[in-house]
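Each chain carries a letter (A, B, C, D, E and F) given by its place in the written order, and its residues are counted from 1.
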């Protein structure tokens, strides 16, 4: 039974936790990307949550983007040499894969490194490239329905996914605000509370 | 024959040993999470007991949670740089997997790091996330029956598993006290004797 | 749907990003090789984008060529000991393999190490050997059609692929300028703006 | 032919060598756990003898137990940082697995680290847990017959295996003395000559 | 098409590049072993070109032979601690395996380490052992035909392959000079220009 | 053809090379264990020759035995920290496995470490255990016939293989001298010229 429960949005109390939208074999779902830092003399990136190779690559990519843009993101570079980064995606029993949690991972890690909280009732989905470009992803309709069910109020998507939103019956979209973006910097501007 | 013996609760003499509840192909079972520390110049996390990948991830997650919350848990951070952590789950002939030993692993490691013993006749089952949230798990009825058979008196479960307990005939629950929790700090407060 | 969108050329604003031509199961495609450097005490080559072993070897080969020819390429050798090199090929959901991105990878890495931008509206395809020789690759017709669709104006190919161009209807080639090369130094001379 | 020869007890001349009892596809067998220490600047645990994963875990577990209890076992802790530990189980052509050599491995390693010889004509079988508890194992009847054939005089077993001994015809047990134990410290007290 | 083009001999301009003879599913072929050195604080042997395990072992063996015979080969031993060795075999799309490139690899690496060029229009095929013995290999007829087609003038073979040459129609051998050798030192004497 | 040639004994000119006897799918064969040392700041054991896991373990075991008995074997222990050990078994195209080259490997490595040559026209076959015990191996008849064909004059075997020799027609054994041993020290005494 726990495998199929539909989760609810859980507030923005935790730094380093961001709500993503996933499209699984049982339909749309929200999922949480959790990031945590801990002191380490030999810092690495630790990934847990039954993640496939492409999803693991998204996390590697996210951390590399952050390292290469530390100054712009206002992150103290010495953290990369002193803190282990752990990214976890509950729930361990469910295999997860694909690139669509890319922007969620960058946002979660940036939140953890800067200490900035994430905006309330916000979810997001989108692939990121190494230069920070946001790419469109699939399963938009199912993800939006899941976001509503979970009490999400704002959603960040790639601008190339706007056409997918326009195909959804407008009554389903009531109470949801959309942000269509093309660069990860727009995502971080919208998502992080400074 | 040893593969199918039903184990009994074994007391709380050992620091670092916590009783979990498992749901295997032969029904409910209690299992022991054993943690041991040993001096090491290059400390790692060693995992034995024929564990699958998801269960190994639970142990990685547990250690990372403890490292990131060392101050709150009253753990001397220098231990992480001087002590190897070994987690073992007897019995080696039986493959074990899944996320439901998560809270048991955190409790066992925290017991080992703090030196606090674990409450008598207590068992637990539940997945933990990186921010310390406790998630519901399956097989509750079978696990509760196994707990009774093993002379367990108190059980810690996720509050979302309360509905599973309410579906069990009350005569089966006689003599068992339940703790329904949502955060790992509640688990540690109940389980560790200070 | 995102799996089959046809991409457009995206400008030359980013140092370290070069446009390649790929031949996939769904026809010709342009792809972007993105390279990024970040400070590291133990620099490695990080490869993401769902790459197969042969494509990963192309990146290893590219970096080795650059290291062995640092002086000729005007690259400060100390960078190899202080900067992590990350090569990413969007889009993560699509497996990619083969040696034909070889010259694109060398160009992208050299752009990142030297800080030189890449010529506007240029794409390329070709295998490279360790001594810098450019080898012919397959799927030329499909790649050229994809280049036109994507608004590419100049294409670099191995001189042994000239015969493949001569077999394409000339109306298809209108507006495209070709460079036929045999050594990677010609590629870098054409591609990098100094 | 060598694959099926029945071995004999071989004396207790060698420190670090202990006789175990195994249950293989061709019946009961005695086997030798050989341990050897050698100086090393980067000591590791080396395992040979065509061992499966569970049997390798038994050796890891054994070494960890010894490290965590070095003081009680009277072992100089500096040895762990200067000596490589090699555990070998002849005969390389035969795959071996399972947890039942656990107590034999602890005894062999403790003999090697302390320099104490092992009692004459003694064999043993049993799984060990990280806290030192001895668990019952299978194939007891076949193992006991093999022990007699091999001229063994004393056998150490888990107390939970006593019932298996009681089911064996007493004439088969003539000349054999049994030790039923529940903790590894009892095993070491019986087995090591001080 | 590129997969089946027949290559030509390409001159001896590059130090570290040696022409070998291969026998593939599409007949005899020449192939190039390319070696390159680059400064490194932690030198390793990097192998690319879609090589199977046996061919990778040939490269490991070649480097070990050279290290063990550095003085005789007039190689500065400090190079082994400061230079990364990269061996590449174009073309990446074609899997390659087998021990018959052994002597070609030693020659290519020795050329790179000494800076000596390789004799013009020379090709070779043969397995090498760790003590430098040259062993016979298969596919001699097909390899010789490929050598002629590629404008090769001299071929080095194991003396035990002389019988295979004697079975080839003499008109096919016109214009080819053979060297039959039994030790790698003979190969290097013939191949390297001092 | 090279796969099935029957090799001949090749003299004892090379330190570190010892002749073994193998039993393959095509009958008995002699094989050469070649050992070479080379200076290294981070010495390892390198194994080549298309060896299976059990045969690799024999080499690990051999080196560990030598390290643990360095004093008795008159080997300067500092060599273990300064010299890389490479063991190769020609011919790379043929997969090899099994424990029966154990005593041959110890002899080859000891020859390399001490600089002592190996006795002329001598071959051997037998498994070794970590304490130096020699175990019997299979295929004795086929191996002995191969030894004769290869001009071997003396053979070292485990004393438990004496019964296998007694079953061979005595005319086949003419000109062969046998040494039946039970400990590796006897092998080294017979094989190494001091």
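Following the convention adopted for this analysis, contacts are C-beta pairs under 8 Å (C-beta built on N, C-alpha and C of every residue); 3 or more make two chains touch, one makes a residue touch a chain.
On a predicted model such as this, the values are computed, not experimentally measured, just so you know.
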Checklist outcome for this item: Per the C-alpha means, the centres of subunit B and subunit F lie apart by a whole-Å value of 51
Item to check | Between subunit B and subunit D, centroid-to-centroid distance (C-alpha), Å | outcome: 30
Checklist entry - In subunit B, which residues are in touch with two or more of the other chains? => result none
Checklist outcome for this item: Among line, ring, star, complete and other, the chain contact graph is ring
Checklist entry - Put in order round the ring, from subunit D and then through subunit F, what are the chains? => result D, F, E, C, A, B
Checklist outcome for this item: Counting only contacts in the complex, subunit F reaches subunit E at residues 1-3, 5, 10, 14, 16-17, 32, 34-41, 46, 48-50, 84, 86, 88, 90-93
Item to check | subunit E to subunit F touching residues, read off their complex | outcome: 53-54, 57-58, 60-61, 64-65, 67-68, 77, 80-81, 98-99, 102, 127, 129-131, 133, 135-138, 160, 164
